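Written out below as structure tokens is the structure these notes cover.
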Amino acid sequence: MSDMLSLALANLASPMVLCFALGALAAWVRSDLDIPDAIAKGLAIYLMLAIGVKGGVAMAEGGGARAAVAILVAGALSFAMPVLAYGLLRFFARLEPVDAAAVAAHFGSVSVVTFVTASEFLAARGLPAEGYLVAMMAVMETPAIVTGLLLARRAGYATQRSREGARHLWREVLVNGSIVLLVGGFVIGWMVGAPGYAKVKPFMGDLFNGLLCLFLLDMGLVAMRQLRAAPVLSPATLAFAIVQPLIGAAIGLAAGSALGLSTGGVALFATLCASASYIAVPAAMRLALPKANPALYVTLSLGVTFPFNVAFGIPFYAALAVALRA
Amino acid sequence: MTDPAAGPESGPPWMRSKIEIVCERAIVEEVVAWLRERGVRGHTIVPHVSGAGRQGRRGADDASRVFENALIIAIAPRAIARAVLAESVERLRDFTAIVYLSDVEVARPDHF
Amino acid sequence: MTDPAAGPESGPPWMRSKIEIVCERAIVEEVVAWLRERGVRGHTIVPHVSGAGRQGRRGADDASRVFENALIIAIAPRAIARAVLAESVERLRDFTAIVYLSDVEVARPDHF
Amino acid sequence: MTDPAAGPESGPPWMRSKIEIVCERAIVEEVVAWLRERGVRGHTIVPHVSGAGRQGRRGADDASRVFENALIIAIAPRAIARAVLAESVERLRDFTAIVYLSDVEVARPDHF
Amino acid sequence: MSDMLSLALANLASPMVLCFALGALAAWVRSDLDIPDAIAKGLAIYLMLAIGVKGGVAMAEGGGARAAVAILVAGALSFAMPVLAYGLLRFFARLEPVDAAAVAAHFGSVSVVTFVTASEFLAARGLPAEGYLVAMMAVMETPAIVTGLLLARRAGYATQRSREGARHLWREVLVNGSIVLLVGGFVIGWMVGAPGYAKVKPFMGDLFNGLLCLFLLDMGLVAMRQLRAAPVLSPATLAFAIVQPLIGAAIGLAAGSALGLSTGGVALFATLCASASYIAVPAAMRLALPKANPALYVTLSLGVTFPFNVAFGIPFYAALAVALRA
Amino acid sequence: MSDMLSLALANLASPMVLCFALGALAAWVRSDLDIPDAIAKGLAIYLMLAIGVKGGVAMAEGGGARAAVAILVAGALSFAMPVLAYGLLRFFARLEPVDAAAVAAHFGSVSVVTFVTASEFLAARGLPAEGYLVAMMAVMETPAIVTGLLLARRAGYATQRSREGARHLWREVLVNGSIVLLVGGFVIGWMVGAPGYAKVKPFMGDLFNGLLCLFLLDMGLVAMRQLRAAPVLSPATLAFAIVQPLIGAAIGLAAGSALGLSTGGVALFATLCASASYIAVPAAMRLALPKANPALYVTLSLGVTFPFNVAFGIPFYAALAVALRA
């Protein structure tokens, strides 16, 4: 328990989380502070490529024997989790089926920045995770989208029809930028191994925390602005965005332990299950389920669950993993 | 001045219609494909416009880009433009979008 | 074709006016607030346009952004557009700005 | 409403023409210089527009920028606009470009 | 004296100042060299956040006992200095009251990039300044704007009236991006101290000079382009943009010494007093005093005073501070 | 021979080349992955400035006695090479004169990114080149443009006439951004030498490979998208884009040896002669020879020759240089 508290405090006092808070505060006081779009996208590309490469290098170091099973389990969880979320959203939060399906897809998928923040948190505390967690993350992006669309179809909502539209949607889902960067980086890291990594370490390794600070500053701005602009949400809907991560984390802790992951790996997998997508899934839902309200799903995943995980979830899941493994 | 209703070919400068569509970025590719299908032979896109309408403010640079708008401009014969305008009501109903037409004069009628 | 002077509601497609304002970035928020006050129900902003007029070249990316322009587009009933145009002379006098109107046809009259 | 053909000065609001040119970036400076020569007193440039026309898709961000377009907007007296439109056919033939005109109303006739 | 010369030469031969010169030269020969806007803004954000964090970390190391008084004095000087500048502008340069008030506000405020360049110059010469100089800079941004507006009002120029406009102006003045980054970075640095800073040092510390090079390259382009596009200015107006910094530096040297700052601190405070704003104040003046000519105030602060300080002022003020303290 | 193979494999397994391949693959599967324009331009500016500074610093270390002659020879080759290329294009590929002239100009000029990739490849293999190779590159950018225009004029194509247009063209050719950055960086590096370089090394040196990865990722995207969008080209035209680099490399190897360059220098000069411009020359040709088809010249230089050199050419030319010098 005191472990947990000290982890939580350590998290809140890291420059990364403080930068996130600064961004949120700036948006709260309506400062004109603005990270140019191109810079924010450049930072996101950097983070995804670098985390992919790091994961691949770790994988090349060995220890990937269990990777295949773990990756399959991760994909299966992403498929299954939206069903649970849909249930909660329909029967407790009383959302319309199409909105419930869209939101559920977000929570079955994952947030790369939450993952990256958790990785750094764990690494700094001597709890590194297996390299193939990156591959597990990549594989969790998409299945939840399919489940979300199936739930919507079951409820009578036809998803988009035009051929051009469908092609566009599936490209968005299967080869979107983040999957390409994560998987591509992973393969590159795995091919070049430690000697190749040495060439790019000053960029991809040493700068990671600093660039993450800048990115989280932007995320703080974006999350808080989203929250300010959001329509009033029902208490039950808001509660969902806190409860679902906790349920997801519990599932992740159990599955991670069963898979025999390291303590850091268990904590990181719990974080993945607890996180919600706010990039790939919104874009896909907007195309496939236009009748679902984007302000709803983006606000829940980006405005509520993301800050919750960054500030409180990560140290909490880490403490639980430590306790579980002790 | 040529009569706007006179149809495609009635002496220089020729009258055409300018279709302008402000819509959410997600559907830009589809809107362009639809214009092509309707016989529009070219278009210009101004990306990254912001704005506000019935569906609230848009243009905040959220990471997913679902709140971003674009402006599509297309010059086309009047009959095509009218058909696009009429069809837009149904076609863009679920999306964030507005459509409007105006008259323009062009010098190369074969172009549009 | 409907008579542009016939007022807001006269059968499809309906006529509206397009107000376009090119002005310095500093006042974009205020101009939009002013349009709202005058009854305009939506607008679209094209940020980062450059240009030149009586006040010289503009658009150099100076750090303070005081030399940046934006283009504001707003569709509104003709009467409102005329009022905005007339009022603009006084209201924007000290600023770098131009205002002009044109006629557009829309399909959903309730929207604008 | 004033008669568009009535020439530069015929009572408020005054009629002017809006010249719009979508062209490849490489020639924007020259096009602007040409407009000035023809007597156009101001212009606005929307940089970085993409599009498609007879010469295929454009706007891919290639490093050399030869596939980038820009949109030039210029308000001018009708006679000047007509001259620009007529001259454009010859002048822009080798380049990727389209030109079109429309009518606008302005409040300060001395400005344009 | 030979000290001063060698300092000046050392300054002129630093990669940072040479990059500034290169940018100016490129603009002079009308090269199409162009640093994308988003990159320039990203660099500015980096520099402000990093300098803020560094200052806060230095403050956390102790030695901040005198900070409060120094910060108050800095704010007071920013309030007072525009009055002097206004006098010079009215009676020697014979500017209209509204232009004189607007220009005066710029010279009472400060330039972050000049500060940052001076910091590096001093640090490289073994003359580090107190961490709280960053806070002094942040506090000097705004008061001069208020004085400028009061001077204009006294001369009969009503400042902007519409409620939306006034709200916008005050947000711009009180919580503009640079204040948020400087103060926010300072607080973060102060909270995380040296251990937290270690995590981000490869980014915020090691890269500082290199990124400053790139930013000064852009500033050289921007300053020279501003100068080329400027209307012809009277000799007296131009002279003001050189003389006022010298007066400001003298005041800063005196006040800094009286405050008991270190040699580096005195030099840096003199630089602050000598510098003129070209970001925050122009934006505020444009909103509040639209009748003032922006080409005038931006040209003087960005086109004349900024290059003067970067190339000659900084080593000169440093040499004076060294002489004063010897 | 086995040397050559191992060099080729080492090249293909470097993170830089793999990032290029990843970008190309992403474009091939029509991923929406997109490096923002501003980031790509910022990276290009960085690479040119950094390589210029590095070259200048190396030059300051001494060994530049032969530089003047080498630079003159490089310029002369850039002048002459388009004539040969024009002949091939006219008589084997059967292009129209105006297209042949435009394409020829591209192949007489050089590609900065190819140079930069080769520099890193050689440095990593203990084959550093002379610093003044940077100056040789800068001087090779422009002459080929002049030759191209002369060839077109000889064939009856008037180049652009309007005064504004001509001024614009010559500014583009003589003081375009890449020349300013390369030459400016070179002079700065030469002036500040190793001590000045130390201040910016974490940025300009240590990050070089990592940022090159990101840039090559973008180049892979851009090159493959160009290739996909390209009109169908005749086999002879495509063959030209492979054969001409080989001829160029042979000329470069001979000239470099005759000039007495080091092994690394010979390899790098061969790479320069083998590379084709896809930034400065297309922009100039579009202005000066509007009747030439841009899809043709950009596709050949960017879509074919650039990837060929990055993947196969560089290690091949290096192996030849090693063999030649053994």
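Lettered A, B, C, D, E and F in written order, each chain numbered from 1.
Convention: a residue touches a chain if its C-beta (ideal position, glycine included) is under 8 Å from a C-beta of that chain, and two chains touch if they have at least 3 such contacts.
Everything numeric here is computed off the predicted structure, so don't read it as measured data.
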Chains in simultaneous contact with chain C and chain E: none
Contact distance in steps, from chain B to chain C: 1
Remotest chain, chain D as reference, centres from CA atoms: A
Farthest chain (mean CA position) relative to chain F: C
Whole-Å gap between the CA centroids of chain C and chain D: 18
Centroid spacing, where centroids are CA-atom means, of chain B and chain F in whole angstrom: 41
Chain B and chain E, separation of their C-alpha mean positions in angstrom: 47
Multi-partner residues of chain D (each touching 2 or more other chains): 46, 48, 102-103
Shared-contact residues (touching 2 or more other chains) in chain E: 36-39, 42, 202, 207
All chain pairs that touch each other: A-B, A-E, A-F, B-C, B-D, C-D, C-E, D-F, E-F
Touch list for chain A against partner chain F, complex: 36-39, 41-42, 45-46, 49, 53, 171-172, 175-177, 180-181, 184-185, 188, 191-192, 196-197, 199-204, 207
Touch list for chain F against partner chain D, complex: 37, 40, 44, 162, 164-165, 168, 219, 222, 225-226, 229, 278-283, 286-287, 290-291, 294-295, 298, 302
List of chain D residues in touch with chain B within their complex: 4-5, 20, 22, 46, 48-54, 59, 69, 71, 82, 85-86, 88-89, 98-103
Residues of chain B touching chain A in the complex: 24, 26-27, 29-30, 33-34, 48, 56-57, 60-67, 94-95
Residues of chain D defined as touching chain C within the complex: 1, 12-13, 16, 18, 32, 41-47, 73, 75, 102-108, 111-112
